[in-house]
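Note sheet for the following structure.
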Amino acid sequence: MSQHEPSRSFFYRNQFLIYRLFSLSGLIPVGAFLVVHLLTNASVLGGAGAFQSRVDMIHSLGPLLVPIEWAFIFLPMLFHATVGFVIIAGGLPNVGSYPYVGNIRYTLQRATGMIAFVFIIWHIMHLHWLGTPFGGGKFDPHHATSSAATALQPLGISLLYAIGVLSAVFHFANGLWTLGITWGLWTSPAAMRRASYLSIGVGVLLGAAGLGALGGMRSTNVEQARAIETRMEDVKHMLDGQGGAGNAPAAGTALELPQLKLTPPLP
Amino acid sequence: MSRSHASAGTSGADGHASPTAGTTVHVRVLRQDAPAQESYWERHDVPYEPNMNVISVLQRIAAAARAKDGRRVAPVAWDCNCLEEVCGSCTMLVNGRTRMACTALVDKLLEENPEEIELKPMSKFPVVRDLVVDRGRVFRALERVQAWVPVDGSYDHGPGPRISPEQQEDAYPLSTCMSCGCCLEACPQFTKIEVHQRSGESVEQLAQRRDEAYDDGFVGAHAISQAVLFNNHPTGKMIADERMTALTAPGGIQMCGNAQNCVAVCPKQIPLTRSIARAGRAATVWAIKKLFDR
Amino acid sequence: MAQPRVLVIGGGLAGLSATMRLAELGVEVDLMSLVPVKRSHSVCAQGGINSVNSLTRQQGDTEWKHLDDTVYGGDFLQHQPPVKEMTDWGPRIIDLMDRLGVPFNRTPEGFRDQRRFGGTLYKRTAFAGATTGQQLLYALDEQVRRFEVEGKVKKWEFWDFLQPVLDSSGRCRGAVCQDLVTMQFRAFPADAVILATGGCGLVYGRSTMSMVCTGSAVSRAYQSGAAYGNGEFIQVHPTAIPGADKLRLMSESARGEGGRVWVPRAPHDPRDPREIPEAERYYFLEDRYPKYGNLVPRDIATREIFDICTTDGLSVEKDRLCVYLDLTHIPRETLDRKLGGILEIYEKFQGVDPRSVPMKIFPAVHYSMGGLWVDYQRSASGGMEEGAPKNQQTSLPGLYAIGECDYQYHGANRLGANSLLSCIFSGLFCAPGVMAASGSLRTLAAEESKGLFDAALRRQEERHEALLARRGGNENPYTIHNELGDLMTRVATVVRRNEQLASAYDDVCQLEERWQRCSLSDTGNWTNQNVVFTKSVGDMFPLAKLILKGALLRDECRGAHYKPSAAMPGIAATEPSAQRLEAEEWCDRFEANTRRWLKSTIARHGADGHPQITYEDIDTSLIPPRPRLYGLVGGDVIEEVWKERQRKATAAQAESPRATDSALPVGAAS
């Protein structure tokens, strides 16, 4: 019946599969990454060393980090965003006529998705080494806390981060709820209500983690943090029996780092 | 309650503002003479009567056939039939919200907006004239999901399958769907599809092209719910696979954006989001099964 | 030879079931309706659908008893073989609807639940929540949609039937219809045309019927020569909510639960009813019937409510007839528990809480027992012969009528929950006969000369153009319709008086003349609802006239037709021998009345526009007529006398050498 035009676009023909993958990608890996990322960042509340050790753990992946970043973070995110924009373009928000909670959430989901997308691009440019050619890439994995704290010091930047992080968190938490409906995890209105509490809980926790990390970074004493980081790096190099220290290799040099002990000494 | 100078209303006996006899109800109607023509607003004044609904307002407008400015105008065209909210005919946008005109009571509307009552045709369906829209797509969607029990025929084969009271209570609300289109009108994911006749095109060709266009669009909450209804019926589920194929085809269940307006505006309070979630679950299971059974 | 093609007009229960069966038999069907078929008036039926079932059967119920209840309820005014066939088919029909997926309410064990309705002792009524009609209609709509997808049915929704096309022999060869969107006319050649267009409630202005129930299609068939039967029999429901746009059914249980009916003693007292002191309220039912109070039988309640407003002029409102039905003295919790659902309906449409403010109610026209006269072929067993071409055929060969628009099943009054059955039955049952008729035709309609259809088309186009072109008249069709409705409601519903009927007939003729001077406010040719409505109002007059004339001529009380002048009161005497004498007289009078009036009223449209009324004998061969005595004073004495007479008659017949073949068959078939 629906085969009247066989030469339909790939996207059209596989709409169901693509939309389901889109939904899934919001949870795994994109959502999962968001959780890990925000919790990692929040570890700064435990001190510059705590944060640094987690960053070191991630960077211990060495040469695998870049392909992993692309395969499990950037590409899924791009996929999620692309399909997301197609979905947004196909909808017609009407929260003015129908100001119901569900509809407000629907509209916010789209708004926060777009904000999060713009934010993430900017965020990558700002801190990730990919942004180095554009004057960004301000995050130094060897001096995680101090570099981040420095980059986030301007109040405006921090505000943008707060908006971006909260948008991403809302988008994820609310998306968790809609995902449960899409896949049929919660079906009755009562179950949806309970799931709603769950997603609110997740949202509040993640939001707290995100804002906590931001606050933590901003309240960091950069000098002290730097001292800790340098000491940690020295210890690391010492343990690995390699010389040279402290000359903060921007990004790619992470590749040169050998495998690291799982329990680095804490200050 | 603050009240403006609108002539509709003095304070009623029961405390809240309600107009009394002798006053006038101001009505603003978005009219359109035919498809593909410009729409325009027209104002009408209707003498207030107790217990009026929007249908009786439209009946008075038709009988008077005069706009507020005294101009003779053609009566406003609108759809209605049972006036008991079971036939699904009289859906329109009353004060901006989709609802049945027969249960839209003037007193309540004036509480919402004492100035006037605003009537517009549904925005997601092609306007035929004034408040009359072509809701063929609503019924086309029922064909898409094969919303029926595939019986052998009308010859006697004894009673139907045994059904528990719980199953009946589950199915009954879904079966009260009157295809009014409210859920589609309020759905931000359901967008208008209008196909105009090309020159030299026959009515049949147009109908086919229109159906094809409809089939590309979102099937809608009502049809998903009907698919769930029949997939849960002991005989109906014998073609459950075909319904799942339809529900996961382009324009299927994946188009739902979970705004949940459908359930909020449904005049019959049908648990549409429950149906959608159940269809989602069935689609998950079905897709996985298909993947591994292939 | 081309495939037989049948045009079905109307997509309610009857039209859809006929369409389904015809399509199944391989007939190509054009299904036409003023509205999408899923929006037909059948959706409004709330109560349920009757049939004998396995449970009642074990309590002694049979199809025969269902037949007996139906003809007794209809005061014996219907031919009995079709009714017998219908009640025989009842169980099969419920089973079929069950298989089609109708969500009938269930017992804990998963069987269909049943409840008891008026007019019977058995729990015969299957139901699906409070929307049985809607559920049945949807099940049939779904099956027809299935055939539509398969290409066996073509739907023409938003189309109006204008006239049957008759050939020189008077046989129906198709119809001329109009697209209500484009306003284009089109001829539909067909081997048979089936009208399934429902009742004519709009002749009464506002009724419990839907807005499409104008009776126009039936009127157009009647004006083309089809005979109309029992037009004066119109069922009135005692309690309805009078709305500005229509009258909505209010269950009688409100009265059953202790509701008190009253009117202010001062006509149209403008005060809030709660502020009217007891002394200034007139509880007329309690006052006039101290023994029963508000629980007087349904027909008495209807008449008294009607009379207090029309004759005594004590209606609550000035321009709308209504009385108070007061529940405010009953605790809210009790009301919510016992009447929750129906009070919500009232609240939904009136915007007033009936738990704290008295409801306004009034009787409302609810069902037309009369309709197009249709034929049937009696079978050997006393039922209807399946597959006979003349079943459900009107007096115009090739034109059929089924459902509420035929006159066949309900006699002088309809039993609750029988209408859905009669609609589905007549639809299913007529199909094989219609097909047989189409097959036996020498030339099929599609090959008929074009001239026939062109002439009919031209005639309709001219009527249409003439209406659009009418200028200068200052009559408003909506006003005329209101006046017609008010008039008909006043004189031809609950209580009928000859002088009123006679003068109303003249008034209707005058209204019809005024209608000729209607000018249209919309002269366009796109979705012109104005011209469609004006036409349908014009077609109401022939029906109004046949209703009035039928009622005027029928000088008796039967079923829904009540004339105070012809009422047969109960027994006044108290002394047994005098009682006995009166009972004998009563029975004499009853027998005389039966001889004179137990006949179908047959109306034919005269060339002068007036109905020609004749009477037709009724086949009461299965169940001999007997008096209906419910609530009659001295009813027991009359019954005793009546039974004696019956015994004597039976004995005489047994002795008589020429016993006829119309003797009572033993029990019901199947």
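Should a chain be cited, it is by its letter among A, B and C, assigned in written order, with residues numbered from 1 in that chain.
To be clear about the criterion, a residue touches a chain if its C-beta (ideal position, glycine included) is under 8 Å from a C-beta of that chain, and two chains touch if they have at least 3 such contacts.
No experiment lies behind these values; they were computed from the predicted model shown.
Of the two chain pairs shown, B-C and A-B, the one joined by more C-beta contacts is B-C.
Seen from the Cα centre of subunit B, the chain whose own Cα centre is farthest off is A. Once the centre of each chain is set as its mean CA position, subunit A and subunit C turn out to be 70 Å apart. Averaging C-alpha coordinates per chain places the centre of subunit B 30 Å away from that of subunit C. For the pair subunit A and subunit B, the distance between mean C-alpha positions equals 42 Å.
Residues 13-14, 33-34, 49, 51-53, 55-56, 59, 62-63, 65, 72-75, 77-89, 102-103, 105, 107-108, 128-130, 132, 135, 139, 142-143, 146-151, 153-154, 156-160, 162-165, 167-168, 171-172, 175-176, 178-179, 230, 233, 235-236 of subunit B are the ones that touch subunit C when the two sit in their complex.
Put simply, subunit A touches subunit B in their complex at residues 1-2, 4-5, 8, 12-13, 15-17, 19-20, 87, 90-94, 97-98, 100, 102-103, 105-107, 109, 177-178, 181-189, 192.
Subunit B contributes residues 96-97, 144, 186, 188-189, 191, 212, 215, 248-261, 264-265, 271, 273-274, 276-285, 287 to its touches with subunit A in the complex. Residues 17, 20-21, 24, 35-36, 38-41, 43-44, 92, 94-96, 98-101, 103-112, 128-129, 131, 134-135, 138-139, 142-143, 145-146, 148-149, 181, 210-212, 243-246, 248, 272, 348-352, 428, 476, 478-479, 521-524, 526-530, 533 of subunit C are the ones touching subunit B in the complex.
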